[in-house]
Each structure stands twice: as C-alpha cells, then as structure tokens.
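Chain IDs A, B, C, D and E follow the sequence of writing; residue 1 opens each chain.
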Amino acid sequence: MEKLLEVEHLTKVFTLGSLLSRIRIRAVDDVSFYIRPAEIFTLAGESGCGKTTIARIILGFEEPTAGTITYSGKRDAKNKKVWFTEGIQAIFQDPFGTFNPLRMVERYFFETIRNYRLARNQEEAIRLIDEKLKAVGLSYEEVSCKYPSEFSGGQLQRISIARALLTDPKLLVADEPVSMVDASLRMSVVNLFKKLKEEMGVSVLYITHDLATAYYVSDRIAIMFRGNIVEMGPVEKVLIRPLHPYTRLLRESIPEADPRQRWDKKITLTETEYQEYLRVGCKFAGRCPDVMEICRKEMPGYVEVDGVLVRCYKYFPS
Amino acid sequence: MNFVKRYLIPRLVQYILVVFLGVTAVFLIPRLTPTDPIAHTIAQIRSQGAYLDPATVDEFIQDLKELYGLEGSILDQYIGLWKRLFRGDFGVSFFQFPTRVSELVGRALPWTVGLLLTTTVISWVAGNLVGGLAGYFSRKRWAQALDFAAMVIRPLPYYIFSFTLLLLFGYVIRLFPIAGGAAIGSVPSFTWSYIADVLRHAFLPALSLTILGGTIWFQTMKLIVQNVNAESFVQYAKLGGVKEGIIVSKYVIRNAMLPQITALGLALGQIFSGALITEIVFSYPGLGTLLYNAVITGDYNLIMGITIFSIVAITTAILLLDLLYPLFDPRVRYR
Amino acid sequence: MNGTILRTEQLQAFYVLDIFGTRKVIKAVNGVNLEIRENEVYGIAGESGCGKSTLLKALYGAIDPPLRLMGGKVYYRINGKDVDIFSLRPDEIKGLRWEYISYVPQGSMSVLNPVIKVKETYRDFLESHVRGKTKDEIFEIAKEHIRALGLPLTVLEAYPHQLSGGMRQRVTIALAALLKPRIIIADEPTTALDVVVQRGVIQLLKGIQENLGNTIILVTHDMGVQANVADRIGIMYAGQIVEEATAGEIFGNPLHPYTRYLINSLPRFGDKGMRESVPGSPPSLANPPSGCPFHPRCPYAYQICTERMPDFFEPVAYHKVACWLMGES
Amino acid sequence: MRSKTILLIVSLLTTVGLLVACRPAVPVTPVEVTRIVQGTPIVVTATPAPVVKEKAPDVLGILPRSETLIAAQLTGRVGSPDDFNEWVGWKWRDRGMQQLMNEPLWSVDFATGKIINGLADGDPVYNENFTQVTIPLRKGVTWSDGQPFTAADVVFTVETLMKYEGFNAHSFFVENVESVSAPDDYTVVFKLKQPNSRFHTTFLDRWGSTWIMPKHIFEKVDDPVKFQFNPPVGTGPYKLHSYDPAGYWTIWERREDWDKSPTGIMFGEPKPKYIVFQAFANEGAKILAQLTHQLDAVDLSAEGLKAALAQGKTNRAYQPTFPWVVNNDPCITGLTFNTAKPPYDNPEVRWALLLAIDIVEYEAQAVDGAATMSPVHVPSLGPYPDYYIKPMQDWLKEFTLDLGGGETFKPYDPEAPARLAEYAKSRGYVIPDDPAFIAQAFGYGWYKYAPDAAEKLLIKNGFSRDADGKWRLPDGKPWRIEVISRSDMSHLEYRNAAAAVQQWKKFGIDAVHVPSDNVSALTQYGEYDVSGNWPAFEPWGAGADLSRVLDVFNSAYVKPIGEMTQGHTSRWSSPEMDDVLKRLRETDPTKTDQVVAIGTEGLKILVQNMPGIPTFGYIGFVSWDEYYWTNWPGAENPYTQPYTHWGPFKYMTPFLQPTGN
Amino acid sequence: MKILRDLFRDYRFVLSFCVLCLLLFLAFITIFSPYDPTRWGVVPRDLKPSWEHPLGTSSKGQDVFWQAAFAVRNSLTISLIAGVVSRIIAVIVGMVAGYKGRLTDRVLMFVSDSFLVIPLFLIIVMLAMLVRHLMNLVTLGLLLAIFGWAWDARLIRSQILSLREREFTQTAILSGTGTLPLVLKEYMPFAIPLVFSTLINNMSWAIGMEMTLAILGLVNMDIPTLGTMLQWAISYQAMLLGYWWWILTPVVLAILLFVALYWLSVSISEYLDPRTRLQRVGA
C-alpha cells in the first residue's frame, strides 16, 4: 500500500508561562496516520484538539517535539522549501486572512512562480495562473489587479487553492477551509477537493470540525480529542456507526438540517480544556457516559474493530 | 504563587537590571565630560574673590582630590560607588563641600515630592476624568472647546507658561508670591498658618504643572475613551439600557484607565523635566533647582546622587504601579 | 395560533456613510415586513452580509449613526396596543429594553466588561431597570436566575476571561433573560462554537423560551441550528425577507430558488450525493441588482425578475415568498 | 463652523494673555536732575522716581517689612546653609557673612577710592625690608556674643590657619609667616619668612579676605576645619537671625550692641533692623519681586535693569540716566588669548584681532553701549583714569605698530568714546555733550577700527585670505577661532565673547562662540583659543597699586598646556614684566608715585604684547527700590560702593533712610 | 493619491496641511534671506513690526521675521533628523524583535523597556552637556533620536507579532518568499502608517525637547531654532521690556507647528482606524 505522507508518533509539547513556572501541554500526543495518494483524509475534532498543530508541523511552521514525518519516502527533510516544490501546499481557515489586504491577490501568484521558477516569462506565468484559476472555476481576468476585499470568502478560498496548485502539489493541507465561508458557498470549496482528487490525483489533508462536510468529501477520517486520535477509519463507518463515546457525542451534537430530527437529550458541559489536557488516562473519561475504572488510570491503546482503529477500553477484549 | 512567579519575579528582575544599568550610565557619563570639579571649585573660590595665593594652588588641588574621593582609577571609583550605595551614601557634594549629597537631596526632596506628587495625582485624576467625559461626550460643544484648549496649551513651553502665570498672578494681579517655597523667615511647623503659607507658595508652580500635565492626560484619555466607546461591551451595555452614569464610570472610564495607569509610570520621567523648569521659574527649593546647579557646577557626586535617586524613585514608582496594576485589571491577575 | 407581538411595515434602514466626502449608501434592510408571534422561535437565515444583524438592530430600535431609518415602522404589542417604537422618546425606549425586549449580540465573547466580575454586570443591568433593591437583594436575584437556568453559580464570581467561550455565551443569554422579557433577540449566538458547546447553548435558549413562554428571534446562518430550534423561519436575501414559513415547510417544501439552494447544499449523513453551492457571489448591498436581487444567481430568472421586485405574498397557507416563479398575485 | 469659532476665541485669549504679560513700558516724562561728575555738579535729564502708595504683598512671615531690607543674593541659592565656617571652601559668604557679620581689618571702598579701617586702627607698618609688619587694632570692639575683640583673636586665627591643611589660606600663611605675636591687646606683629610688601592685603576685604576667628569659640573646637560655626559670631553690626534650611534666604538682625562694632563706632546706627538675603533661580523672578516691592536691592543683567526701570514706578538704578549702570567697579573685562597656542602666541596676530574690532559696535552688541571702554588693562573707572589712563594718553597716541613693508600704524583712537556716545544718542538715550560726562561714562579712548591694518599685520605674518575672503592660517588651513565663555547669557564674559565672535566673523574669520559650564577648567588647563575671561586681574579698587593686576603674569606661575596654571590664564609672561614685578614687590604700596611709575611701565608692556584685549570696565546693573528705603549711594551721592554683595555694604546701612511705608 | 484626496476632505487635515506648507515655505525662503542668521547688529535694535521688518527686530539687532524663518527651518531639521533616525531604529528593533522572537526579542525589549523606565531627561541633559561643544543641528537630532525610539519600537513589534500570526504570512512562506522580502513586502505596508504617525508625534517631542534644552542653555545658541530664539528673548527680558513681537513669534510658531502636527497625526490615524472614522462620519 503506497503512502504519500506518513506521520509516526508525532508529539508536540507546548510550554506555557515564563521561565519559572511552566505548564507543559501535550497538544499532540503520539499521533500516527498516513495519507494515500489521491485520497482525502480528514482530521476532525473540536477546537484545541491539536489538529491545527499537526498541520503546522507538516508544513514546517512548527518543530515537533518527537515523531517523524515521511513524505514520498523521504523522512523529515530539513529544507522545507523542497517539500513545498515537491508538492505540499496549504490553504487556510480565514479566506480574508490568507492574503495581505494591502496587496493585490495576483502578487502571490507571481511571487510563487518567481520563487519556484515555474515560468520563463510573463506570458507563460499568466498562462499558468489562468490555467490554475480555471481549475477552480475562476479566470485570470476576474482576479487580476484586485485586492482581497473585492472577493467573497468562497472566491478567495478558491483563489487560495489555485495559488497552491501552481506548484502541482501532491498534497494539499486544508486547515478548516470552510469554517469561515458562508454555508451557502461552502460546497463550492469542498466540491473542489473532490474534483482535484479525481481529476488531478491530489491528496487532501482536510482538517475540520464540521463532520457533515467531512462525511461528504473524505475517504478516511481520524477523530481527535485533546491531542489524541481516538478513532480512525473509513468515513462511512466512523461517522455512521461511531464506536468511541466521544465520536458518538460529536455525531449527536451536529444539528441535522431536518426539523423532524431535533435533539432530545440534554448534555452538560463541565471540564475545561486544560483540565482535560492534563488528565491522566483517557482524556474523555471525565465526560464519558460509559466510563470505567481503568479509563481514569491509563490511556488505552488502539484496537481495530471492523477496519476502524479506536482507542477505548470498551472494545478491548476483556 | 503563580502570580509571584509569572508576574512579580520577572518584573523585579527587570527592575534590578534597569537600576543597575541606570547607575552605571550615570556613573560614566559625567566622567566623560571634560568638566573638572576641582578646577571648577578653585575657579569658584578665586572668582568670588577669596585670596588664593598662586604659589599654593598645587597643594590645594591635592587636598581637594583627597577630600572628594577622586583618587584611583575609574574602576576603583566605580566599585567604591557601589560600596557606598549599599550603605545608602552618595558621598559629599564637591561644590557644596562638605555637605553630604544625601543631606542635600533630603533637604530638597520634600518640596519636589510634595509638588510633583500632588500635581501628578491631580493632573492625572482630573485629566483622565475630564478627558474621559470629553471623550464619551465628544460631540458636545464643551468637549470640543476643551479639546481645542488642550491642544493649544499643551505645546506651550513650560518656561513660557510658568512665567506667564507668574506675571499674571504674581505681578499683574498680586495674588501669589513670586518665589520660594514658604515665606521668608518662617519656621517649618505643623501650624495652619505655615501650611497655608506653603500651599500659597506652591499654588502657581502646582497650577502650571497641573495644567500642562493634565492636558496630556486629557488628550490621551479622550482618544482612548473614544476607542473604548466603540468596544462591544460598551455598546452592549448601552443597548441593555444600563444607566449612563454606570456606563461612563464602570465601563468606559474604568477600562480606558488601564493603559493610563501604565502611562502614568512612564510619564513620571517626563514630569520630572517639566518640574525642573518650573522649579527654576518659581525659585522653588526642590530637586530640580538643585540638579540644575549641580549640572552647572559639574558637581559629579551631586548629579549622580540626584540622578540615581531619581532613577531608583521613578523605576520603583513604575514597579509599584506595575504591581498594583493587577488590582485594576483582573485579566492580568488570573492569567 | 398566537397573536402577533412584533410587526414591521416596509422597514428600511440604510447605512449612510460619508467617508471623507464619498457618500456611500448600504441598503442593509430594504423593505422588510415581518410578523412575529408570541411564544415562538422565529429564525432568520441568510448569507453573511444580507442585512440580518441590521434588521435585528432595527427591531431592537437601536438605530445609531451611521445607520439611519429610511422608512417603515416597527410595532411592539404592549398591553394589547401596537406601539411604534420609533415614535417613542429615548427614555421610553430605554424603559422597554431588557424588560420587554432584550438582545444577545453577535460575538458575545467580547460583550462582557473585562474588568468586572460577571455578577457586577448582572448588577448593573438589574440596577438600571429595577428600583429600590439593595445590593444584596440584587445579587440574590441574579443568583436565583443563574440557578434556575442550570448554570453553575461560580460564573457570577468569575471575570469574563476566566470563562470558556461557550460559558460566556450562555452567561450572555442568561443575562438577556434576566428580566423575563417578552422578546429576546439573538444574533448568531452559536457562531464559532464547537458543536458540543453549540448544542448546550441552543438548549439553554430553547429552555428559556419554554420556561418564559416568550418569543425568541434567532438569527443564524446555520440551517442545521434553524432546523433544530426554529418554529418559523424567514429567509433573508439582500436586505429583504424572501421566504417565510414554518420550519417544516421551509425544509420540506422550499419555494424560493435561493431557499432551495440553501437546503440542498447542506450535506447529510448517509448521502454522499453531489451537492452544489449557491452559484455566484452574494450581492453588494451598496449597489444591489435591479428587480429581484437574486436574479443574477438564479437559474430560473425571467426578464421580469431583472426589472421588478416580486411581492411578498402567500401562495400556500402560512407560507410567504417573494418570487416571480410562484405565479402571480 | 463651531470649532472655528472656538479656535478664534482661544487664540484671541492666548494672545491677550501674552500681550498683558508683555505690557509695553510705561512712558515717563523725563525731568532734570543734578549729578556730580568728577566733583562738578552737572544737570542731566532723568526719569523721576515718584513715590507711589500701593499695596505690597507680604513676603515676610514674621518680620516687619518697614524695618526690613531685602537684597538678592548674587551667587544664588546657598548650598551649605547651615555652615558658616568661611575659612574652608566656598560658603556663599555673600549671603551676609562678608557684608554684615564680619568686620575685616580693612575694606576697599572703590566708590570713594579709600581704604576703610575696620578692625584695624590704621595702616600696617612694614619694616625696611618688608619682613615684619605691625598692625594696630581698634579698641572697644566686641564680638556679637559680647566677648571683647583683641589681638589674641588675630594671633589665634593665623596660628590655627597654619595648623590645619583644610583651610583655604593655610598654604599662604605657612609660606609667608614666620611667627605672629601680640605685644599688647591691640597690636599684632607678623614676622615674615621672606620680604612681602603686600602681606597685609590678605586681611584687606575686597570681596573677601582672611577673616578673624573668635578665639573663645574656635579654641574649644576639636577640628576647626569640620566645624560648622553655627550660630556664627562676628564683629559686624548684624548677627544671624535665621536661615532657610533649603538655602534660599538668610536673615540678619541688627545687634543690640551695634555700637560695639566698628561700623557702629564709625558711622552710627544701622537703620534696617533686619536684612534679608534671598536667592532667586531666575532673573525674571527677581525683576517681578522688585516690581512688587518684595526685593529692595538687586543685581540684574543689562536687559533686566532696563526692564525693571521700564516697568517699575519706585525703583532706580545707580545712575539716574543712561547708562544707568554702576561704573566704578574696579575690574576690567575683555578677551584673553591662549598665548601658549599658535597663532595666538604671536603678539602681532593678537593685535590684528584687536584692530578687527569696532569697539562701538562691540559695546553695542555686548551691553547696548552702557560701559566705559579702557585701552589698558585697568578699568577706566574709579581712581585709575587719574593714576594711569589720563597720564598714558600721550604714550598711547604715539604707540606705533609695524605693519610690514615699511608701513606703520598708530592704532590709538581718543575719539572712540565720542563715537559710542553718538551710538547711544541714536538709541534715543539722552547724553549731555559735556566731554567730562562722556569721558566718565564712555572712557578716554580705545583703538581704531582698522581692518586694513589688521589685514596687513596678518599678511605680514603669513596669513592669507581665500577666494571668499575667509582667512587662512599660515599653513593654509582655514582659520577657526573658538571663543569660550561661561554659559550664563547675562554674564559680561558671555557678552564679550559673543561680541568678539561677531566682530571677527565680520572680518572674515570663522569664529564661533562656545559657552561652557566648564570654562574655568578649560582656561586653567589651557585648552582653548580665546576666552571671554578677564584680560587681567582686578586691581585693589583703591589706591594706585597694580600688584594684583600684574603679578599674575609672573613667569614663575606659567605652566604648560594641560597643567593647571597658577597665574593668568593667558599663560603669557616676559622678562621685562618679570623685572617690573620684581621692582613692584620691593615697593611700598603706600608710596603712590613709585607705584604708579612701575605700574605704568607694566601696563605699557601689556599694551605692547596684548595677551588679552581690555575692552570695557565691569559694570554692575544694580536696581534699587525706593519704596521702603531711600538714600541709596547712587552716582549723585556716591558715599560708598553701591553693591549689597560687597563687604562695605555694612557701611551703607547707617545711611539708608526708611520711607515709613 | 486617493488617500490624499480623502484626507483633504477633513478640515483639520486641510488646516494643518496649510499651516505646515506655510511653515515649510517659510523654511524654504531662508535661502533668500538678506541676513546671515548668526550675525548680530545687522538691523537697528528693538524695532516694532513695520513694513520693512514685518515681525520687528530683536535686541540683538536681528530681523525677527528672518530669524523665525531660520528657526522654523532648523527646528524642523532637528525634529526630522530625530524623527527619521529614531524611526529607523524603532523599525529595525521592532521588526527584528517581533519577527525573530525568543532571546533576541527578550533582549531588545529589555533594552527598550529600560529606555522607557529610566528618567531619560536627566540622561539627555547630561549627554547634552557632554557634547555641547559639538552641538549642531545634526548632533542634536541624533542625540534626541537615540532616546526617542523605544516606545515606537514596542508598537511596531506588537504589530509584527500580530501580523506574524496572520495567515498571509504562511501564504507568503508557502509561496517561497524569504524572510527579508516577507518582512518588507508583507509587513511594511502595515507598519508604514504607524511609522508615519509616530514620526509626527516624535517630531513634536523633539521640538519640545529642543526648546527645553535651549532654555537650559544646552544647545548651540548661535543657531536659530524655536528654542534658542525663545531663550534669547527670555534672557533679554523681551517680555518685561514689552518686545512682544520677539517673544510671541517663537511661541506662536511653536504652537502652530505643534497643533498642525497634532491635527495631522490625529487626522491620519483616524483615517487609518475605521472605527473612529465611522464615529466621526455619524456626526
């Protein structure tokens, strides 16, 4: 089985506070997963679960505390620039923040081309830009000489993808790409991922807290909770029949766009993020309806149930 | 505990380092000047007509060097300085030999502290209050008039402003005395008449410092309030029908004061410069005139004493303000 | 069927900007007719920049420069009489606020005064509306209120920054319900919250509405949330309400092409079929398209759509829509 | 629109405020008054000093204002207010110590040109070879604590000063005095180590002298150097009443037994019961204090005096008319060259720089023409014109410079004072055409403004002008002169330096004025080109003796640049001058003819060499308020020197008259 | 250009712009001055304003109008040198500290904090005494520049810190942009308005400081500046002698300059901050 990107035992510890009093938080705690070529892989979870940190480590904006990342068989290349030219690009959460509001959007296209020497002259550059913009449903004319404020969020996010496509990447890291795009325009971005995967064989690491689009777009999904992947497997299995109690809670909390299916069960909110991060044992033990004695003592390992990896004592053969 | 570690200790470390740097700078700078305190002293004695026989000047120089403690290398003098400082001793004044610097500073200090403390507090409180109101009611006519007045008064040089006040209220309308800190011949005492006399003498200097200082607070506060006014919690409280008095005091001014507390510390140094000029104009017996004389006479020890004292005093004041700051801003307290 | 509690007539509120001499008019609310009933959750949905928040401000009677009322009326039904709020004196409007109608603003992360404890904020709101109570009595009322809503009492002693986003949002909602107002207006109360927290917040809002039997006007662009709590939903587009019906009707039988797009673009579990966004981009309110503002994005647009705005009429019982496709009035 | 109205109103208010502050001077109708010029009464026009009744604010906490005289303290705030040990260091003795508390053996009164006997009962008597001097003492004097003053006090003082190194005068006495003894209670005899005809002048008060210690107090003190002498005890007519611990004022009270002080014995009862010396930190405050009758006597700057006279109704200056100033101060101001530094080591260069000065413009720029010029190194004030300047006229007129190329030039210009008088007239001042008045007010002559001659002198010495007319040094580098002076802008040193820079700029030299607080060190260590310093030391102020003026040019005092000089800061000396000095030392200062002859010789050497340029005599800008006290020693009645900071102020006190206000 | 056109709709900007232009014109015409500003006695003394001498003459025999023109020119020069140089220091320190972070940031911020906390005025006075013989427009400007950057470096740093967290930084990195071009192209456009508005404030501070130093007599009194002009008038008792034209000229010019700079900075910062802009629009 070919792996485009493999993340193994990735750990990131953040030290908060000053020299004298440190709080160490394992924002990413021994995370392993892989992405195949032409696959959309989703990392899902609530804000602060560590998914963005993983993306930043993959992109080289952050140094991991431990663990390795292998891309196309190359492990931990030091020169991040090589990675990018060879094919990891990213799009970000805030379409309005992706581009400097004081600069014309096209400047980023030309800079990417110049920095990676993707074209020999101006016409060739424009042709390349136009080609990539066409791939996301726009054209160079629509984009040239305009500032970010002149586009809608959906457009900007597509432009951002087009810029990322300039280097013909194999992997697109998309960190919450639609959470700040209007619901009515979201699908235009998400559908693009599908198209890129199918037509250009691009893999996407789709990072989101929106399980509905995750279900819609991705092949496999990993659910993260407080730095750990608690459940990982094909998206149909994980989201339709969640195994981990946390996945279940998430799944239930998503409001269905159907007035006939309203919530009936009440939920309670208790612990804070920090407390959960610092918890020994299963981080979800504090809220888990099925909590057992052992959950509070030790973090469970992975167990495979029907092609899905899950970290819960419930599924351990007792 | 957390608070101590994360808030208090870094600030204390910074404080100590700053004082150390300041003292070192103050030690070095006057030694770089060509002013020779001994030549100065001799010239002073000579030019004031005392008889110094030309033949005996050399011996006199040696005597003075010993008395002033100016022997040894710069490093020796520097180490000596720290030793003395830890004993709380700034040495003797050269020019006002053999008076101790600490005594001179001690004599001038109550005047300057009294003047500065009250004017700083008054101008800070009044400037912020009026500025806060003017910022909140920035469309009102009186607010705009005040704004304009502040804009015109603020750039007036301290000297011109103070001297104009002196002219107006000391000469044209003879309400206040021209010079000094208290009436000639009066003996310091805790009697009402003495205190009233001191207040009468302090009025004009205090007024000029308060007005010029207050306009700065007024202007910055007005700007800050206009920004705070646009904050959502203020808009929300307004939409919630919260009484205007509560909004102004508890929501707008209280939040807008936070940066002003920090600014107060930073402004202390500035205020000192204004006080120097004001003290000269009003012949006020404070540190400013003392420093000015020390500067003119190249009295290292006295300059050093006053400056080190000011550095310690002002940085301590800033440190105290910094440490008090969490009382006003709970976000810092519980971080 | 409950009686009407809040009603607008051709409400028009524009932002009139004069940015260093360039006059710019943003037609944020452009002829809205609403009838909101007692004891219901009325949802308003639409894309960002369609004028939802401005409509709420107008409903709340909070029209401050640069927002200006250009026309129309907003009536509250108070003691059986319709009161036009724009005809009231400022102090009268102030008197209505929080006691009759209250407001949960957007981004309630930053609406609490950061330097005072939550209980102080409660006290300020109470003190401003309730007379003759001592400090202790006021805190007692606040405590009672928080307890009744099932929130931990510790929140009262906390400073805003000590609370999580979800808790702050719930504190703000509880604050809006403090004086048991007849109407609560909530502007995007769940945006930027995690799904689990969002659920808790929605539950609180719903709980309050059930307890007090009052009216909640809920603005959110999240159709899932709308489906979950709203009794009736108005779809807003370019400063106008283009469709209004019960939640069941909107989701079951959307009439306006825009509504249909909104609903069909929502992914659903168990269905990986292709879903399309609304084509094109939202219109600029400073320079809205002629006729029906949706016509540039509408696949069914006729000639007339580009020329005249269709009437807001009721082709089906209790289901209003403004679209030329729906035949004639 | 609104804010524009506000703008208008506020700017109007500010302007009005400042205009009120800048009230123009009130025009006063001049009247004719009589003044005494060199013994002859002449009539001049003056502005009257009307006596006006107006409420004066009460500045005195406890003292009755009508019995109190307030004077400004010349040297400013006292740095050591509780220390009265004036034998050590500098103790701000012009706070009243030298004027009221201490009686010297003798005082110089430069206004009358007399030496006044204080504690001494007559002149000192030297032996033949000046190795022994006998001083008679006044009888019937007591210290302010009632103890009698005797020769034992004098002996004790000298012996103590010789015993402890910390005293200012320690080295002087150790070097000069072999022994001191008191044959009786009212006679002191000094035996000197070497001949010194002017030993006694250490006891002659001309702005300070060696004071006599009260033996009965100092003999009980362990370390008289560290002793603070508080409360002080003196033989003057006043005793300390109280002082400001911050150093801003000192109050003196008339002694009950004022008749036991030499002042009382000689002149009768001092009139003010209290005398206050008050320090002000700036001149504006002094003027305002005087205008509001809170200050009776004050020294100001040239402009300050003008301002005070323009604004005040009851105040007056020393002279009732222009130039108003005190012009009998025995001190000459001007410029000093650093003759150890080329090109200023060349007397012809120094002369060229002198000839580049237009004295009329120079004085106008420095003091608005109010000073008396002098062509030699003593001021044209007091007794000196008669002793030296008038007799030297012929020599000066014939004095010739060699301009090179066989050309000579007689630089002296007896008409310079008349030209200055013309300038004063052009400024609107009323000047009588009486030559005696002009000579007294403006001097007897100076040197010609002769840029041509200056140019020739410089070219002769290898200097050149570049294309822009700027001067270059003989080595071809641009000539830049830094003229240093103290930084107090109202000081005459500053004014001289500033005026010189203006003159030399005009002449084409890149001259700059560098005020410095450090000027004394720079000059004493020789690190400067030209300074606005005294071109020669002040003479005694009375008598013809020029030993003070000339002795500092002794070649023995000259040190190389970088070491502190003990003599004059010009570092100039010459064998001829040494010879003059030797002869002067061996001459009895009371023998006027001999002293004048030798002194004239010295002055001629100085003129020929010009180590410093004498410009004008020191002028004092004294302003008196006549609201409480009158009969000040003005020019029309110069019964004593007019300053409140000089020692003989004590002899003024019995003559002052209270107005009853 | 559009910015300028927009700014010109603000009456305060127009007024202050006109005043500044007037002052600049005054500074400019000094090249046509008939008098050497360092020479005394070039005109009769103490004359009231007249056609020949529009602002009268001083007791030093100088034409007050031309002195004032030189004073404006020199004060502006000093403040510009101080402002620009300290801006350069502030930008470099702020950007390096903000972008590099970690130890560099700590050290730089410690230094700037120290500058903020120490009573600089005393140090400036001491240094001014030290270099008084070297005092000219440039050295005075540099002296003030050394002490005028700390606060603004902090402002720039905090702006860079927040910009560093913005996503376009990452976009630029992913576009292959290096550190220096990134800082220059991406951050400078944000920093420039801040740099400009602090420049104006710093210039006011420098002018005020120069006046204070002049009153203490610590600058070269021969070079006409607003401070030295005022100090000459003060020490020649122009106020009490009624030579109002002499003392009022520098005072009024200083006020004009300060108000113009103040309004300019307020107007520009309001233009840059849309929140207050909207508030104002509503009025």
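Heads up, the rule we're going with is that a contact is a pair of C-beta atoms (placed from the backbone, for glycine too) under 8 Å apart; a residue touches a chain by one contact, two chains touch by 3 or more.
This one's a predicted model, so the numbers in the text were calculated from it and none came from an experiment.
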Review point. Starting at chain D, how many touch steps does it take at minimum to reach chain E?
Key: 1
**Study point:** B-C or B-D - the one linked by more C-beta pairs in contact
**Key:** B-D
Point to revise | Computed distance of Cα centres, chain C from chain B, in Å | key: 55
Check your understanding: Roughly how far is chain A from chain D, going centre to centre by Cα mean, in whole Å?
Key -> 90
Point to revise | Centroid spacing, where centroids are CA-atom means, of chain B and chain E in whole angstrom | key: 24
Practice item. Would you please write down the residue numbers of chain D that are in contact with two or more other chains? Key: 14, 18, 21, 23, 284, 487, 517
Check your understanding: Touching two or more other chains, which residues of chain B qualify?
Key -> 33, 35, 152, 163, 167, 292, 295
Review point. In chain A, what residues contact two or more other chains?
Key: none
Exercise for review: Could you pull out which chain A residues touch chain E in their complex?
Suggested key: 59, 61, 81, 84-85, 89-90, 92-94, 97-100, 102-103, 107-108, 111-112, 115-116, 160, 163-164
Study note, to complete from the structure: Within their complex, chain E touches chain A through residues 166-168, 170-177, 185-186, 189-190
Check your understanding: Can you list the chain D residues touching chain B in their complex?
Key -> 2-3, 6-7, 10-11, 14, 17-18, 20-21, 23, 55, 57-63, 70, 75-77, 79-80, 83, 88-90, 93-94, 165-166, 168-172, 175, 201-202, 206-210, 226, 241-242, 244-249, 251, 276, 278-282, 284-285, 288-289, 291-292, 294, 487, 517-518, 520-522, 524-525, 527, 551-552, 554, 556-557, 564, 566-567
Exercise for review: Spell out the residues on chain C that touch chain B in their complex, using ranges where they run on.
Suggested key: 60, 62, 94-95, 97-98, 102-103, 105, 107, 110-117, 120, 124-125, 127-129, 159, 161-162, 175
Check your understanding: Which part of chain D faces chain E closely enough to touch in the complex?
Key -> 14-15, 18-19, 21-25, 283-284, 287, 301, 303-304, 306-308, 310-311, 361, 364-365, 368, 427, 482, 487-490, 498-499, 501-502, 505-506, 512-517
